[in-house]
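Chain lettering (A, B, C, D, E and F) follows the sequence in which the chains are written, and residue indices restart at 1 in each chain.
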Amino acid sequence: MRIQVVNPNTTRGMTAAVTRAAEAAAGGRFELRCSQPADGPLSIETAADTIAASPHVVAEVVAGVAEGCAGHVIACFDDPAVAACREVASGPVVGIAEGSMLAASVLGIRYGVVTTARAGIPMIEDMAVRYGLDRKLQSVRSCEMAVLELDGSPASNARVLTAAQQVLDDGAEVVVLGCAGMAQSAVWLESELRAPVVEGVAATVGLVYGMAAAGLRTSKLGAYAHPEGVAVR
Amino acid sequence: MRIQVVNPNTTRGMTAAVTRAAEAAAGGRFELRCSQPADGPLSIETAADTIAASPHVVAEVVAGVAEGCAGHVIACFDDPAVAACREVASGPVVGIAEGSMLAASVLGIRYGVVTTARAGIPMIEDMAVRYGLDRKLQSVRSCEMAVLELDGSPASNARVLTAAQQVLDDGAEVVVLGCAGMAQSAVWLESELRAPVVEGVAATVGLVYGMAAAGLRTSKLGAYAHPEGVAVR
Amino acid sequence: MRIQVVNPNTTRGMTAAVTRAAEAAAGGRFELRCSQPADGPLSIETAADTIAASPHVVAEVVAGVAEGCAGHVIACFDDPAVAACREVASGPVVGIAEGSMLAASVLGIRYGVVTTARAGIPMIEDMAVRYGLDRKLQSVRSCEMAVLELDGSPASNARVLTAAQQVLDDGAEVVVLGCAGMAQSAVWLESELRAPVVEGVAATVGLVYGMAAAGLRTSKLGAYAHPEGVAVR
Amino acid sequence: MRIQVVNPNTTRGMTAAVTRAAEAAAGGRFELRCSQPADGPLSIETAADTIAASPHVVAEVVAGVAEGCAGHVIACFDDPAVAACREVASGPVVGIAEGSMLAASVLGIRYGVVTTARAGIPMIEDMAVRYGLDRKLQSVRSCEMAVLELDGSPASNARVLTAAQQVLDDGAEVVVLGCAGMAQSAVWLESELRAPVVEGVAATVGLVYGMAAAGLRTSKLGAYAHPEGVAVR
Amino acid sequence: MRIQVVNPNTTRGMTAAVTRAAEAAAGGRFELRCSQPADGPLSIETAADTIAASPHVVAEVVAGVAEGCAGHVIACFDDPAVAACREVASGPVVGIAEGSMLAASVLGIRYGVVTTARAGIPMIEDMAVRYGLDRKLQSVRSCEMAVLELDGSPASNARVLTAAQQVLDDGAEVVVLGCAGMAQSAVWLESELRAPVVEGVAATVGLVYGMAAAGLRTSKLGAYAHPEGVAVR
Amino acid sequence: MRIQVVNPNTTRGMTAAVTRAAEAAAGGRFELRCSQPADGPLSIETAADTIAASPHVVAEVVAGVAEGCAGHVIACFDDPAVAACREVASGPVVGIAEGSMLAASVLGIRYGVVTTARAGIPMIEDMAVRYGLDRKLQSVRSCEMAVLELDGSPASNARVLTAAQQVLDDGAEVVVLGCAGMAQSAVWLESELRAPVVEGVAATVGLVYGMAAAGLRTSKLGAYAHPEGVAVR
């Protein structure tokens, strides 16, 4: 069984970090197809970025479907293009925000999210509402760094840790890392905190693999029916 | 004062219908800049379509901003790319779903939506939730026609009327037309029903004009800050 | 086209301020009928006040309807008697709380309200829930002044500004002024803050005018059917 | 201990029916002060009626407070003027809609409401939302009769019974009678149905008496502080 | 009429305190059957405790029903086993969390809860959601004491008072005591605070008595139908 | 890695069916520990049943933890004792209602549930609310059979199929089987319907395995802290 993991941005360092996180989660039990699109923005931090990245994300999933991937993970906390990816796929497609929130919701009575920028906090709250997981969301805190500044260095990790501790002090029992770029720090963070740290790539790879292995498939009855020949540009 | 109206698809007949609806709402009181993008899908009925149309919609708004438009209407009931359009604009940007739901919410205690396809009903319910107007949404009914089949002919109108009557029978007090393609039938529908018919282009042009005239502008503080140089492809 | 603006209280200074705000929003594009009732409380700060003012507010709207007004604004942030006004009107009737919250909801991802008294904060939160705009409401802050103390003086303005800044610091991207008495300070406030300031009279006059100009009318099918001869005392 | 029951309308037949229902609930255990206002509308079916009745309802409660009533029931399913009554009272004040919904919510997993007119259904749904009891509200059905047509005759009872049965068929486990005028039929209805019938006057008299006897009082800290000298006209 | 009050834990001191609170609420107007189960945990602070206590709580209610009790109060703020108790009872069954939240919801526009442990705050928030009373819940504060440490001593009272004051400072207008063990301090607390203090045993005894006296009974139609012979172990 | 699956009732035929469904989902990729408790009710259809079964379910999980199980599935659609099981476990614990609703929520825009008895529909709706997945729940339909009547026979299957088709006709895009007893019919049902059928045991085994394999563990910080020595009876 092969699970696809798409890094929606075109920064190779992030694709590498995402791949490592996915491989750790897979632990050799199944194959992975990890990639970034051929084109698109270097990072996704605005609605403009999401629009720019989306067609390329879908193209990657189309390729993954052609290669027989049984499930698909979109490795950006904005969950870009997930609906369109579900249109072209048969197996489950889950973005890492939805995946980590779903996972966190069964691990504790409340979870919190650490994100990059303060201005992005409402977008994460709105995503939680969309996924139905807003009541369990205790708080969202920011470490005030740009996506591409997250590099796993001690300075970078310290700032993420501070925000994670704030989330626990707010009353959350589980910390969700709100950016794929934090994946590289997940193990270290969990050793520093007394709470589970849900890293989106690992959690969602696990969920999608588990669901695909159980034979679960995306419904083609309505919202996610195949677009039937409409090319994505 | 000039208000921009963008038809996100590339079907000239629809752009013409949208323009007529906008002009009727403006009544000569202000200028309009009505257009369709240079490229993109002929109709927007899937998530793939939305992705394909989005960059072109934003490009139209960029052009409208450069020409000094004071407000912007996105004339497709999927409200595609509204967030990204708000990033590049100063004046208010409102999609016709959000605009007609907001308008309907003050005209009656409950409103209903007539849409094209049954499979699209959940998407409209979810949009109402996103806009906070789901409690006032009594029901959504479909006339089972493709977007480009809506042509203002008696046969087409009859099907829309049937669905509109169902919405009133369900208990709604206001009918919202859930597709820009229904604009051409709005006047006739209102003469047949005893309830207000909210046609999205007219309603949203009215709202946006009213807000722009009152000096209201999009906040650049957070979610809709200008993307600062990130080109939309 | 004439738009009616009713100041529900009987304080002439406030009626003057409300009129100025409405005239600035109209900018000469359309006529206004601004008035206060013949009788009623000097200010509206309790439920008792609302009850005392309501019949007089409705009487003003009845008069406005008789004079052919196409839309009606109720210029008090308690939105008193709006439902009863909708019963006697044909055109749209919107209170300035509902109007400013609707406007704010499309200008930023979160808005906040500055109100007069701390004890009134829950009432504003409940209104936001009623209008469906509670999720976008980031916070409500009070400037701890009575309605009639708001006089546009530097001392008064400074207190409103402080509360407005708190609302932005809480994470809101748009500031809504939660009392018609703050209208006189709106321009100054916007020059001091980096965020849009939604002053209810101006915003709602804009919305109502835009909707009336687009031909939108209150539904007489159910909740807002004319009370048919039952005199309002 | 004396509990006040106010019929907000000025129809003596209804005041008599309300009094009988209250007396049955009191069963001689405590005193009642049942009255209708000196002036006001004969029935309450529109927002205009509510406005007309409200000052007179509050005046009745002021009188009841002066006579030492320990709790107050507003016997109209519109719960008119409850907030203003709480301002002038010390003991609990509960309208029969809020009272019957609260009672119903602990007697079954879902309750339904029988109301008079179909057009009034959304208002009842909105009240349930306001009281937090909307999720437990299974449905609202109407018997299509004017308030003053409910007279306890076999014809009147049969129509109420039909609507009550619909509510149970919809899945409710408890029937709430949505008009004080149905009080006279409550005993007969319960004998016909297999489900508890919550008649608002009886249920709310019970609740208010129980709360007053337990020493519970309205908070004067904020929303329900005494209006301090503002006369209600 | 006899009302049953069950202390779900097996600590005699708490049963005594619960009994005193119930007797004060009853004021001699009706009989009480106060008891603790024959077996079960000494306190209820974990889900394991709730499971251990539940069968014994139901057994107490079965006994109370056999003795003709007309209503039943479950005197633990976890509201353990309420659904199962409703299955075996005819009269109303209410837990003190649901009872105090319902009572508080009509006494002020916002209420707050004082609980024992910080870690328990989310459970109380979730209960408020379940009962529909979460919007009126302003905050939950903890006094950081174990259930059995609450002994009415000055030190114990001081800690509860501090948390109660925090809840009022947060904006609540009514304080709900979130543990039956606080019952003994209720009178003293109310004398120290300017706000109503809702002590769950007294409030719920009042509510249940009032409802039973009004003839209200649990519906046996669905969720609370008698389990018909399935013994509870 | 070993995943535990507990059938909370003591009917051997159901345990066998549950085991088969789990084994199909595991597909030999990992070990399973499938069991039923030593004691407890034969089926779980009332709150009394849930109380009776709960301590035995927790005891099974305690045993599974001692044997090193990395995750735990509670195979009854009532999700009995899940919170208490989380207290005693380290790995994830998920009931099959929560598991199938979470899985269904990413496979289609709306899902529906087929349950056994009509009277149980509100309980399932309430569970969806608790899990945050109520907006995506389109409908719940019943096949009107007792839990132990589900035997995989053509007659039994036909009734489940009818209810499943109703759920799709209501607008759902995914069918969730609302009883572990339906597991044996899942493959046949999916062949008859055009929509994904989410069978709770298989889906939850997949989710839990995926999460455990990704290293996700239950938080011991608050609600699910170990009860520390309090024996479950």
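We adopt the following convention: a residue touches a chain if its C-beta (ideal position, glycine included) is under 8 Å from a C-beta of that chain, and two chains touch if they have at least 3 such contacts.
The model shown is predicted, which means the values in this text are computed figures rather than measured ones.
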What's the minimum number of touch steps needed to get from chain D to chain F?
1
Taking contact as defined at the start, I'd like the list of chains shared as neighbours by chain C and chain E.
A, D
Same or different residue numbers at the chain A/chain C copy interface, by half rule:
different
Return the chain pair with more inter-chain C-beta contacts, choosing between A-B and A-E.
A-B
Using mean C-alpha positions as chain centres, tell me how far chain D is from chain E in Å, no decimals.
26
Centre to centre, by mean C-alpha position, how many angstrom separate chain E and chain F?
31
Separation of the C-alpha centres, chain C versus chain F, in whole Å, is 51
Mind pulling the chain D residues that touch 2 or more other chains?
109-110, 122-123, 126, 129, 135, 171, 221-223
Give every touching pair of chains, nothing left out.
A-B, A-C, A-E, A-F, B-C, B-D, B-F, C-D, C-E, D-E, D-F, E-F
Which positions of chain B touch chain A when the two form their complex?
39-41, 46-52, 54-55, 58, 81, 83-84, 86-88, 119-120, 122-123, 126, 129-130, 221-223, 225, 227, 230-233
As the complex stands, chain E meets chain C at residues 109-110, 135, 138, 171
Quick one: which bits of chain E touch chain D in the complex? Just the residue numbers, please.
25, 27, 29, 92-94, 98, 102-103, 105-110, 131-136, 168, 171, 173-174, 194-196, 198, 202-203, 205-224
Touch list for chain A against partner chain C, complex
118, 121-123, 126, 129
